[in-house]
Amino acid sequence: MARLDETASGVFTIAVTPFLPDGALDLDSIDRMVDFYVEKGASGLTILGIMGEAGKLSFEESATVIRRVVARTALPVVVGVSAPGLAQIASLAALAMDAGAAGVMVAPPWTLKTDGQIVSYYHDIAGALGETPFVLQDFPLVTNVVVPVGAILQIVKDCPTCVMLKHEDWPGLDKITALRNASDAGARRISILCGNGGLFLPEEMRRGADGAMTGFAYPEMMAQVVAAHEAGESDRAHDLFDAYLPIVRYESQPGLGLAVRKHILAARGAIAHDTVRKPGNPLSAASLADLALLTGRLDRRLAELG
Amino acid sequence: MARLDETASGVFTIAVTPFLPDGALDLDSIDRMVDFYVEKGASGLTILGIMGEAGKLSFEESATVIRRVVARTALPVVVGVSAPGLAQIASLAALAMDAGAAGVMVAPPWTLKTDGQIVSYYHDIAGALGETPFVLQDFPLVTNVVVPVGAILQIVKDCPTCVMLKHEDWPGLDKITALRNASDAGARRISILCGNGGLFLPEEMRRGADGAMTGFAYPEMMAQVVAAHEAGESDRAHDLFDAYLPIVRYESQPGLGLAVRKHILAARGAIAHDTVRKPGNPLSAASLADLALLTGRLDRRLAELG
Amino acid sequence: MARLDETASGVFTIAVTPFLPDGALDLDSIDRMVDFYVEKGASGLTILGIMGEAGKLSFEESATVIRRVVARTALPVVVGVSAPGLAQIASLAALAMDAGAAGVMVAPPWTLKTDGQIVSYYHDIAGALGETPFVLQDFPLVTNVVVPVGAILQIVKDCPTCVMLKHEDWPGLDKITALRNASDAGARRISILCGNGGLFLPEEMRRGADGAMTGFAYPEMMAQVVAAHEAGESDRAHDLFDAYLPIVRYESQPGLGLAVRKHILAARGAIAHDTVRKPGNPLSAASLADLALLTGRLDRRLAELG
Amino acid sequence: MARLDETASGVFTIAVTPFLPDGALDLDSIDRMVDFYVEKGASGLTILGIMGEAGKLSFEESATVIRRVVARTALPVVVGVSAPGLAQIASLAALAMDAGAAGVMVAPPWTLKTDGQIVSYYHDIAGALGETPFVLQDFPLVTNVVVPVGAILQIVKDCPTCVMLKHEDWPGLDKITALRNASDAGARRISILCGNGGLFLPEEMRRGADGAMTGFAYPEMMAQVVAAHEAGESDRAHDLFDAYLPIVRYESQPGLGLAVRKHILAARGAIAHDTVRKPGNPLSAASLADLALLTGRLDRRLAELG
């Protein structure tokens, strides 16, 4: 399979990991989910990310998920390999690339504090990964690590295998602008795909992002917004985005968001069950009622927009 | 002035602190802003909160702001008095109550870790404040302190002067439900006003909140949503909310949000200047362009809604 | 092999993981190190802890270390199995127990905030581990999780397989007292072995600890202090302790301490190389000079003490 | 009074703030304590630091303490002015300098994350302080802010009024070495006084520190260690240090250390009461017994050393 490179764009959906009601891996749902994402306009898939409950899988289960997903699609697959140490990261990355993945994604561990520690960590990562292309995941809300623009540019300069930024700093619009100004001024231009559940997607595209890498349960919205932006139809992009925004917002609740996402995906038939592995938060009856109201309103609004 | 009590409801706007372009307090704008908030439907005001740049004022400036605001309005005024130590909190609270404030608000210091430490801290607060009613500000995203339901209920039980929760845990909808279940089962029922810029206001009202305490630059939206909810017009509440949601979302960006809010308030004539004191983030040209687009779209959407 | 239970006492040395200069596992040094610890008075061993660089090993390497250590000694071996998720923890624990370990150790993940979250986490751990006895590692300086006495007692009450506390809260002397008061009053009494490099060992013993679980490079000091305490020779315990204290202190430097420990162990012949895996901090020339001075002074002081 | 400059050296004792048993300021004890510190060899005093319970004083109380201390001694007095905002810092600093202080000390607020944010914060500080010389307090264990060497050097370069580093990073010996290497290579050489209760004082002096700025309850130990170092008597320095080390260590317990320090100071007659303001931790009976044992052993060891 082709390796990930700086030209990646569009929507890389962050895939959930489907489980059976007893918590075991649901392999059939993996296939169904991959087909669903492809059908809804994904240009790539990212698996075993934070929202893929990667930390809750054993090494063997991670291997099973990687192989199943890669076997099901010709789209590029990025594999989250964040782990406490380099040895674990390197061995999971090797397994992923052998299975046919396009690249891997690495978030900084929460213990990093200074700019120098962050840059040094990614030097070590690049060394441990060898030729494998990697995505730098910049997600301070979850990792507790703030990665300044200067550190990203240093990593991009020092590590040719860093080909993409998964951007979910928040607020982060001016960070995209700063990175694009830097590449306009001669820095290597890497792909920037944005996360945060798509909460700022229209604005991110205007700042120079290449698309989204996030798992909002309606990937077609993201694909359509990206397409409308590329076509110069800004109002169309915003109209679509605004229709889904109440649900984007609801899904963006930390901790709870994954259960929301899985619930919607199950309701849409993309996976069989909305099971979240422990430790995790099932949805309360009141939250389910919220979602029923919000999805009903979405249908009506989409009908209005035609 | 009447003291704050458990029956408080509606919209308590978190007031900004207006500055002149050179950073000095803008007293005329304080008056104008208070009038604006009242006109847009506020049922109370909260000053010197985090978004009021309280930490950037000297003690004398804080005193000036309190006296100016309280003199301008008959609405109840809550004064944020969070400080590193009890002595500072007690002396600012005494000044505020002497000036005619209705109560004070206290957020937990970031050094608190365990449930017991949190409860003990509010015991100390209640002791230091004497008869002054206080609002417990629950805002983990900024304070780094997670306050569990059990700790809130313990504080409510032990401290009769704790009359309100400023709720901005996130996600926090089920927390409201749990607190209301507890008061239905016999715990003292305190007022719950919600923050987070209003990002979940319709859902929060359905869970049993009494209104909003936040500073979204269009307070009329919050007043109308609360009113529609009280009138049982859920769809109307959501329609209004959804129209403003793209801006609510944009204003909710941590760090940047205050500059957005001040920019809109200045554009609406509520204050003369959008100056943010150092350290603070002015808006970039691209962010200003985002806002121009979003406010234009808001006007059109409101026209559609009639 | 016998399972770990509440009666465990003495010195469980936290073993380092020896590496060759190129970073590969040094299996011969594992044997030598185990012999060294036994010879110096260890009553048990703890492997794959934080100071065992557990996070830097691949799953296969962890398995190799476990099997090699367990095969070399009849002493009880506790295996650190902390990992981001339950599935990983359960699978490593199963491997360890199958290999003949006496129990496992689990530290709380840094994302836990409230008392309830901590208790709930260990409920999940106990469920995932089944009959395997486990050690609760309470080490806020590294984990960022403060575990109050009440939460520990709740876990002890709810989870019969929690048989030991690795105590390294700091300051934590009154915590030991509170736990012993609780067991005197009827709570199940678990073993308490203390960490923090031994920095408070004499005082901890007086508070009711059962010994030490830490990796200070001179385990004989800890064994002798524990023995002197048991014999009621308090002054003797302190004299011995004080002689080593300048080095205990030097080794207690976060981040740097592991390199200090490995350097001394290598100098003492317990392991062949002082290699620390990346990311890690080698000792500077000035630090090596500090150690030469301190170990020279130790030799003279021990000679004085006779 | 002379202003603090880069040549400051020796022992600047961090003064406690003495309280009466009811929590009010104990002004007589302030005088007695200042005399005690001078008599025991202090070359300067630092007041209103973290261990001076600065956060627990009202603005008026802080002013009283500053004036009382400065009036009592001709030694240079450094005043801690850390506060949530620049306006508060500037107004307290102005008051301190008007009263005759030699300079002020500022720790970074816990919200700073990146190198750039830290440097920018001290730019703002230097601007707000004008000509007032200031001490950069580098104390990650308490502030949660890690300040890399590069950021310190940038601040030293950009801000001529930054004349001293209060060094209490931990581990931080190699940081002193790096800073001294930089000043040997041409960077402006500022004073480095070390904190951490003196726990690494002999080693810090060898790395190029100019002395200590900390509040260990036996300031004469620090003065003697610094003097022995200056006289080239390394063994004498270590012998003295080692005698006190068990108490240095006991006093270094976070949270508890202040109560230990005040207890010893009261026992030595330096202050009348060992009162710690709320929120604070009084010493347990078991801790008092520990201290009785340790101080008894100290007396015997000092007698042995002659």
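Observations
Here the chain labels run A, B, C and D in written order, and each chain numbers its own residues starting at 1.
Keep this in mind: contacts are C-beta pairs under 8 Å (C-beta built on N, C-alpha and C of every residue); 3 or more make two chains touch, one makes a residue touch a chain.
What you see is a predicted model; the values in this text were computed from it and never measured.
Among the remaining chains, the Cα-based centre furthest from that of chain A is the centre of D.
Of all residue numbers that take part in the contact between chain A and chain D, over half occur on both sides, making this a same-residue interface. A straight line joining the Cα centres of chain A and chain D is 47 Å long. Separating the CA-averaged centres of chain A and chain B is a span of 33 Å.
In chain C, no residue reaches two or more other chains under the touch definition.
Those residues of chain D lying in contact with chain C across their complex are 170-171, 173-174, 177, 199-200, 203, 206-207, 234-235, 238, 241-242, 245-246, 249-250, 253-257, 284, 286-287, 290, 293, 297.
Of all the residues in chain A, the ones that touch chain C in their complex are 53-61, 83-88, 90-91, 110, 120-121, 124, 277-279.
By the touch criterion stated above, chain D contacts chain A in their complex at residues 113-116, 140, 146, 148, 150-151.
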